[in-house]
Structures are given as structure tokens and as C-alpha cells.
Amino acid sequence: MQLSKMKRVEILLEEQLVPKLGRIVREAGFSGHTVMPVLQGSGGGGAWQDERLTGSSKVMLLAIGTAEDAGQLLEAIAPLLDSHRLLLTIGEVEVIRRERF
Amino acid sequence: MQLSKMKRVEILLEEQLVPKLGRIVREAGFSGHTVMPVLQGSGGGGAWQDERLTGSSKVMLLAIGTAEDAGQLLEAIAPLLDSHRLLLTIGEVEVIRRERF
Amino acid sequence: MQLSKMKRVEILLEEQLVPKLGRIVREAGFSGHTVMPVLQGSGGGGAWQDERLTGSSKVMLLAIGTAEDAGQLLEAIAPLLDSHRLLLTIGEVEVIRRERF
Amino acid sequence: MILETLTSPIILFFVLGMFAGFTRSDLAIPEAMAKAMAIYLMVAIGLKGGVAIAEAGITRDLLLAGAAGVGLSFLVPYPAFFLLTRIGRLARVDAAATAAHYGSVSLVTYITAAEMFDAAGMPAAGFMVAVLALMEGPAIISGLSLARKDSDSSRAELLHEVLLNSSVVLLIGSMLIGYVAGPEGFAPIAPTFAVGYKGILALFLLDMGLLASRRLRETRTITWRLALLGILMPAANGIIGVVLGTLIGLEPGTAAILGVLGASASYIAVPAAMRLALPQADPGIYLSMSLGITFPFNVVVNIFFLSWLAGVLA
Amino acid sequence: MILETLTSPIILFFVLGMFAGFTRSDLAIPEAMAKAMAIYLMVAIGLKGGVAIAEAGITRDLLLAGAAGVGLSFLVPYPAFFLLTRIGRLARVDAAATAAHYGSVSLVTYITAAEMFDAAGMPAAGFMVAVLALMEGPAIISGLSLARKDSDSSRAELLHEVLLNSSVVLLIGSMLIGYVAGPEGFAPIAPTFAVGYKGILALFLLDMGLLASRRLRETRTITWRLALLGILMPAANGIIGVVLGTLIGLEPGTAAILGVLGASASYIAVPAAMRLALPQADPGIYLSMSLGITFPFNVVVNIFFLSWLAGVLA
Amino acid sequence: MILETLTSPIILFFVLGMFAGFTRSDLAIPEAMAKAMAIYLMVAIGLKGGVAIAEAGITRDLLLAGAAGVGLSFLVPYPAFFLLTRIGRLARVDAAATAAHYGSVSLVTYITAAEMFDAAGMPAAGFMVAVLALMEGPAIISGLSLARKDSDSSRAELLHEVLLNSSVVLLIGSMLIGYVAGPEGFAPIAPTFAVGYKGILALFLLDMGLLASRRLRETRTITWRLALLGILMPAANGIIGVVLGTLIGLEPGTAAILGVLGASASYIAVPAAMRLALPQADPGIYLSMSLGITFPFNVVVNIFFLSWLAGVLA
């Protein structure tokens, strides 16, 4: 089985921004993305708790792509990182069937 | 504290397949697995959204094991990857108390 | 864009322990943490399923920090690992704006 | 009845859901709420049906209707498969999976029709809930045999899925409870399941409208040929059901609802089974057809037409 | 009425929720349950309002009240912005976002007031539900123009959010359904939406108490100046609303509820819009003020005061 | 009464849930729905109890029953611990955690019994809801002292958990609200909490059947000795409770329900506390015993037996 190195990008963001981020991710060259729920968290801006009623709900967006895709995404997303309080990490993973990504 | 290198396998799959995948994972030598919810996603097959009512719900299965376990899992799971539209990534992590895995 | 290497610590734990673990994580030097839901799992102690009614619900706590933070966390958390059946993994990720962490 | 249909709050909530979905409003019914309403509705009609059987006994009509329903569920997938491959130009496995949906039934279509026939003074017999439950499974077996594939899962797994899936257990179970408890035993819990019933159905149809329109909006796999079949098949199956029901001597309302069961296509139980047994089939096709096209057609047009037909034939 | 207010189960459940929140009890209302109750309440008052309009017709009062409401929603953010920057010492973007909340309205405050006025024998006109729905959006536009920023999202996105957000769609949609169905069409589903109504409202206020106290507990951004404004602004806006309502000739109950709408601050629709359009604004500020301070003040004190005022002015 | 018990829809839904669980049907009640029903039931019985106390006043019976309940909750863990270590052969920490469950109480067992005694014409006093709430906590303290361990969490944390856990807050809070509001204040919200009550209880028992059977199916830690204790302990505790209740002069229905409280074992509040305070104890043991064995035994057999006993003793 042929394994290929890919980047695994994780972005924590407000649920309302998902459509926008989804577009940015795709334009950066990723073949897709997956969104996972988040319950609560705490950081520089204080503690936070899922509370969809008042519109405060964060989610985790996961995107697997090449190092190039990840680089492009970083460029595109940089201006939003502060204004939208995004948390972004990039890890390394291996995948099979790289043509899917 | 003694840290050991392990593989962190993530598989995105239909909820209905969890029991089957759980068995495959265990037979490949993993000591266990953990299942996390997923809200939505988009990929080659279009956008998709959690909608348990019509039986369309994906989940993320996480399994930590040795490189050998991961290799065996890849062998066992390969035939399902296409027919079941699974997304699989393998990352590196460190754990303590390797005897648990 | 300046990328920095960080540790990504994942801890699987009982929901009731989140406040306590949150404190430990922060004392170890992490700038914050994020909690994600978990649906079910299986391991040495048998299968387990989310069932908040009987108080049995696990969650995944995610914390991004420096290698030093991670080391301190390991020290602090070691006594709990067995008595509380925690699952802990440490991975590598890259982040931008390291001053946030 | 046509005006009553179109000004019935139940239908109007469905239309509101379709509207919200098409205009991409962020209106959403929480998953747990939708499931709770589905469970409530199944228990409510199960109990009602069971109490009805306890009062009327197990009659010739019940047995005949049951046999007719099971027959329809088994057989409908075959012509459907033929049409879906020839006219619809679907691949074998997609056609087989879709055909299974059309042989099986839709709970919400059934409830909506039952409500509307009631309001129009031609109520269907309570025992038809049993027929509804019996019709869920057989089509799945036909669909799999059409796929010429023993499915990915073993026969045992599949039989388990067909006989013990959640809606069958809830419907049959509640019916048995209603039967054992009888009218007096049912009385104390009746308020919950009678008072709230129609309002909950209205809210549930709001969600169905959202789901149906989202399906249509997101679909990329539905051709005009398939859309046409999504209307022709329920029309034909409905007529067959009504005629069959009339021939075996059912009351007009009961014959009409047998037609509705024939016309309706599953979008809850069968998709779940197909994801397990025929994962190669594209859910985009079978869900868009059953939920996006056939369900609205049935609710807005076909139910009304079939009740008219049953009246004429009687 | 003051004793009745304080021994009304609806208010008492709110107090219980506040108590549980402040003592850090682990009591929590599941998210899906809270959303389900919100949907239920919106549909219930929408239907009720629509049926009321169907019975009374579209009157001069309705049109005047609608115009007054839209005007209030558009204009209230301007003085609010002034006070929030000068007295409250907020930055432009935080002040603008917060001002938008005060121009818009709170559904739960409205429902609570409507219930209490009903019980006190000075019911508000059913059509005020329409006014409620109309008042949600304009304040968002004013708030954004105050932020001197076309927002991060395009105008089209924003207009979509204002016109088609879930509560507007549900309220207006249910009202139209109630209007089309009329009293007879509404009758079959009335039990669901009438029988359960007040009890659900009580449970919902339990959750609101939890949310409000959690907001207050976790806040680190609320100064005494802001807390003061969180009471002064609804007091002033409420008086303006009641006076305006009396001047245009509304019944006392109806004028009082126009005051309540003016006084109430949004904590569901507007925060969601602001996270999209003004992500730089700190939700800790606008939610703590509208949900943590203004909402309890309105429910426990201001509603009572405004109904008294409307009675005196009439 | 035995036939009525076995044909009561409430019990039959429990049996249906057990059946679905054992046959591994995919039937599942969404978590949020289960929690919503639990909240609803607690508020409903709390209000009912409070209104009852408002009508009857604080009587000698109430005080005596409260003292008896608190005493039972404190003391029952000690003999239970002895049996669990000697006969059950459990380790100290597992025995202590399990003993705490048996000293504490099960809300659903209480409600089910109250319903059935009502139907059988020997209603329990409304104030027993207060006794129920009082009995939750003491057993936790006894259990921890038996574990010879001050628990992982501080005393303060634990006391907080015991006094302010969600069910205590909801029960006592609703009772106070019912007490303050009185019969007239309660009237407007009564429909929600009276009409739906029994049906919701039936649905909730469906879920309890699912949970109980899943526990039994998945357990690997329950020996025959433990299973036996899971029946003997509630039988003995129940008898003690009924005798005690009769001795202090309670009405038969009230004495019987004191027995039911003694017999019932917690599976909601205490497990949550134990995960925090005694994480070393195996939840597989205490949940399988309390939920998998004792709960079904109580609901299907013991409730009936205890009511018979109370009748005989009276």
C-alpha cells in the first residue's frame, strides 16, 4: 500500500463562519473538509460554552491536503485569524490513495 | 516518564458501519477505539450534513496502536475504502504506558 | 508566515473531571483548552456508550502548548491516569503566532 | 376537500418548511427534536391501532389487507427496477436500492393521509398501522435480490435489520401494548397521545419540508427522467393499491390508505438499511427521489387523488 | 398585580434558574430541548396572532403599531450608541453591536409580558406578534451603519440574514398559516399549542435564568457604568414605547406591550447576526448586558411598571 | 392489582424497552429527549407535591416521614456494604460505591409506584416528593465514609454535589414553586404538567428498559452472588421502609411508598457523584446492579408486593 504524506489542518471557529471557511478551504486546493462539534473551551478571551440559543457555538473544521494546499490556506486565512479569533494547527498525517486529495 | 511512539488512525465512516469497523480494528491488534461525532462535510461526492432521521450520519473513529497494528488495519480495510467512501489518515503520537495499547 | 512547532495533547476523560483537568492544564502552562464530545468507545475495560442520564459520558480535551507545557502536564497528570482511566496522546503540530500559546 | 387540503395547517407547515429550505433560511429543527417527534408519532399511531384492533377483533379485512400490503411491498420493486434502469438509466445497484425504497413505505405520508381522510369523513381502519409495519421490510429483500448481491452484511444481520429496526419495533410494540391494554388501559395515557398528536404532526411536517427541499437543492444526480419517475411510480403504485383494496372489499378510506402505502416511498428505514447492505449505491439518488420528489407529490397531490379514486370505485 | 407577578410560576422558574446558575448547580437544560421549546413557543404565538388577525382583519391599529415598531427598532440604536460610547466608554464597534441588540427585541420577554397582561385582564392585541417579527431586523442595519463598516459579509448576505433568519421565518410563517387556516382550520391543532403553552414557557424561563446567571457569573467585561445602562436604557425605551403606543391610540395592553418590545433587547437573533457581521465586537459585552442584566430587569420589574404606566396614561 | 400491573401501559413500555435492548434492535431514545423527559417529570412531581403541601400544611406526618427517609438513606448503606463485601465478595471501594446507590433513591421507581398506587386507590401523600429529594444525598456521605476515603474531591466540592445536584435543585425548587403558587397559581400551568404526565412516564420507561437491558447485556462483572443481592437488598429495604412507615402512623399508600424509596437504588444522581468522588470504583458493577437488576425487580415485582404488605399491616 502506497502511503503519502499530507497535512492535517484543524481550525476552531464560530459555526456561522463554516460556509465561508469551507469556500476558502476549497479555493486553497483542498478536496473537501469535515466539521466536528465542540462543547466548550477556554483561552485568552475567557471561558466559553456551547450555547446555540444565543448563537455561541464553535466547531472544529478538519481539512486534509497537500503541503501546498496548506500553505495557500495559511495565506488566505491569515487576515481572519485575529478578527475572528480562530485557532489553527497543522499536523502531519499519511494517507493512501493520494489522488483523492 | 517513558514515552512511546504510536500511530493515531482516524477513519471517517457511516455510523452504521461502526460495529463492523470496531471488529476490524480490534482484529488488527488495536486495544480499543473511540468514536466521535461529525456534523457535516464536503468532498468529491458533494456536500453532506448530519441528518440522522434519513440515516445519514458520519462519525470519526479514532484508534491508537503500534505501527504494526496500523499496517494490519490498512490491509484489512483497503477493500472497504472505495465501496464505503471511507476517509483514513494516519498520524504519529506519543503515549505513556505503552503496555495499554 | 512564521510556523512554530507545538505539542497537541489529547486526553479522553469523564465529563465530570473537565473542570479539574482544565485547571491542571492551565497550571501546566497551556494558554487554554478545548473540549469535544465523544460518542462511544471500547478498550480494556469493555465497551462504553454515551449515556448522560446515568452520568457516563466521556469527552476529549484538546490542549495546544509548548513541549515544556506538555512535559509539565505529564508530570501533573500521571497519578490520575490509572485511577481515572484517562487516555492521553501527544502529537506534533505547527501553529502561527506562537505568542498566543 | 381540495381547498381544505391546501389550507390545512399540516400541509401549510410542510410548505413553510420547503420555503425556508429553498430560501436557505437558517431555520433548523434540532435532530433530537425530530427524532423525539418521530418516536412520539409512531407510539401514538401504534397505540391507537392496537386499541382499535382490541375493539374490533382480528377480522377478515385485517388479514386480507395485511396480505395485500406484504404482496405490494415484495412486488413493487420489480417493475420499479425495470423503469429505473430503462427509463431512468440508473446502474443496477442504484436502481435496486431505489426500487427498495418505493416498495417500502413512509410513515409520515401514512399519518398525514390518515389525518386528512379522518377530517374528510372517510376514516381508514385502525388496523392499517399493522399493515404499515408489515410493509417496511419485504421491499428490502426484493431490492437486494435485484442487486444480485447478497449484500455486504450476512443474511442474519440483514434479517435482524428488517425485523428489528427501530420503527418496526416501536410500531408493532406499541400496537401490542394498545391491544393488551385495551380502551380502559389506554385511557390514562390517552391525553398525551391524543391531545398533542395533530400539532406535533404539523411541526414534524415543517421539518420534512426542510429536509425535502434541502435534498432537492443539494442534489446533483437527479435527471429529468428520474424526476418524472419520482412522480409516475407513486401515481401508478397508488392506483394499484386502491384498486386492490377495493377488490378485496375494504372500506373506501381503508382502500385509499392502502393506495397511499403503495404510493409512498421510504426515506427513514430503507436508507439506513441500504447504507449497510448496499453502500455502493448513491444515497444522493434514492433520497432525492423518495424524499425530494415523491414525498411532496404524495402529500400535496396524490393523497387527495387517491381518496377521490377510492370514493369513485366504492 | 405586584404580588401576582412575584408568585407567578413563570417568574418563579426564572428565579429558580438564576439560583441554580449562581450556586453553580449542575442543572442544565439540554440544548435541543431549549431549541425545541423556542420553536414551539414561536409557532404557538405566531398561530395565535394569525388567527387573531383573521378574526379582526387588518386594522388601522395593526398598521400604526407596525410602523411605530419598525421606527423604534431603527431609531433606538442611535441614542443607545451615544450612551454606550459616552457613559459606557465602549469602543465604537462594541457600542454599535450592543446598540443593535437594544433596538431589536426579545421573544421571551414579549411572551412573558403577554401572559402576564392576559392574567391581569389587560390583554394585548394578537397582531402584536407581527410587530414583534418586524422589529427584529431594522436595528441590525442601524447597528452596522453605526459601526461605520459594511460588515465582513456582503450586503446580500446580511439582508438574507435579516429577512430570513429562523425566528422571522417561523413567526411570520406561523402567522400566515394561522391567518389562512382561520379559527376552524386552527381548531384541530389548537390543543398542542394552547394546552401546553404556559407550562412550556415556565420551563423555558428556567433555562433563561440559567443562561442569564451564567452570563453574569462568567463576565469580566461589565463595568458598573454598563450595568447601569443595562437598566436605564430599557426603562427609557419602554416609556417611549408606551407613550408612543398611547398616542397612536392603541388599547392599554397593546400600548404596554409596544413598550415592552421597545424595552427588550435581543439575545438570540442579533448575537448570531453580529458574530457574522461584526466578529470584532466582544460577545461578552453585548450578551452580558442584554441577557444578564436587561432581561431579568424587564421580566421582574419593567413589565410590571410598563403595564402600570399604560394604565395610567389610558 | 397484579393483572392491572402487568397490563398497565407504563409497565408494558418498560418491557418493550427491555425486549428491544435484548434483541439488539437499533431503537434508541435520543439523549436530549431522555433528559427532557426526566426534567419534565421532576418538575411535574415537584409542583404537585408543593401544591399538596400548600393545601395540607406542614404536618406531623411530613416531618416524621422526612426523618424516617433521611435515616434510611444514611443507614441502609452499612448493612448493604456488609453484604456486598461478604456475600458479594466485592472490594472495599466497589462495595462502598454500590452501597451508596442502595441507600439513595430512584426517581422513576418512585413515580411509577405513585402512579400505580393512585390507580389502585391507595394514593401516597404528595409530600413524599420532599422525602424523595431528602433521601438522595445522605447515602453518598455514608458510602464515602465506608470507602474510608475522603474522596478525590474536597469536602466542599462533595457537599456542593450532594446539596445542589440537578435533581435536588429541580425537585426542591419545583416544590417550593408549587408551595408558593398554591392551587390557583398552579392552575394556568397545570395542563402541561397534568395532561401529559402519564404518557411521558410511559415513554420514559421505554428508555429505562433500553438502558437496563443494555447494562445487563454488556456487563461482565456481575456474578450470581451479586445478582442475588440485587434482589435481596431491595426486598429487605422495602420491607423495613413499609414497617417503619406503618409504625410512625403513615397512611398505607404513604407507608408503601416509603418502602419503595427504601427499596429503590439510584442510577442517575449517585453514579454521577461516584465518578467524581470514587473514580476507582467500577461503574460496571454499581450500574448493572442498580439499573440492570434492582430497577426491573422493583418495577415489575416489588412495588406490587410492598403495596400489598402495607395494606396487610395497616
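The first chain written gets the first letter, and so on, giving A, B, C, D, E and F; residue counts start at 1 in each chain.
Rule of thumb we're sticking to: a residue touches a chain if its C-beta (ideal position, glycine included) is under 8 Å from a C-beta of that chain, and two chains touch if they have at least 3 such contacts.
Quick caveat, the model's predicted, so the values are computed rather than measured.
Trainee: Hey, what chains does chain B share as contacts with chain F?
Mentor: C, D
Trainee: If you take the mean of the Cα atoms for each chain, which one ends up farthest from chain D?
Mentor: Farthest by centroid: C.
Trainee: Find the chain most remote from chain F, comparing centres computed as mean CA coordinates.
Mentor: Following the centroid criterion, the farthest chain would be A.
Trainee: Pick same or different for copies chain A and chain B, depending on whether their interface residues overlap by over half.
Mentor: different
Trainee: Return the distance between the CA-based centres of chain B and chain D, expressed in whole Å.
Mentor: Averaging C-alpha atoms per chain gives centres 35 Å apart.
Trainee: In whole angstrom, what separates the CA-based centres of chain C and chain E?
Mentor: 40
Trainee: Based only on mean CA positions, could you tell me how far chain B sits from chain C in angstrom?
Mentor: A distance of 19 Å separates the two centres.
Trainee: What are the residues of chain C that contact at least two other chains?
Mentor: 36-37, 91-92
Trainee: Residues touching two or more other chains, restricted to chain D: which are they?
Mentor: 30-33, 35-36, 195-196, 272 - these are the residues of chain D that touch more than one other chain.
Trainee: Got a list of which chains touch which?
Mentor: A-B, A-C, A-E, B-C, B-D, C-F, D-E, D-F, E-F
Trainee: Show me the residue ranges of chain B that touch chain C in the complex, using the header's touch definition.
Mentor: 1, 3, 6, 8, 18, 22, 26, 31-37, 59, 64, 91-97, 100
Trainee: For the complex, give me every residue of chain E touching chain D.
Mentor: Those residues of chain E that touch chain D are 30-33, 35-36, 39-40, 43, 47, 160-161, 164-166, 169-170, 173-174, 176-178, 180-182, 185-186, 188-193, 195-196, 272.
Trainee: Provide the residue numbers of chain D that touch chain B in the complex, in ascending order.
Mentor: 31, 34-35, 38, 152-153, 207, 211, 214, 218, 220, 267-268, 271-272, 275-276, 279-280, 282-284, 287, 291
Trainee: Hey, which residues of chain E end up touching chain F in the complex?
Mentor: For this pair, the touching residues of chain E are 7-10, 12-13, 16, 19-20, 23-33, 36, 119, 195-200, 202-203, 206.
Trainee: Contact residues on chain A for chain E in the complex?
Mentor: Where chain A meets chain E, its residues are 14, 16-17, 20, 45-47, 49-56, 83-85.
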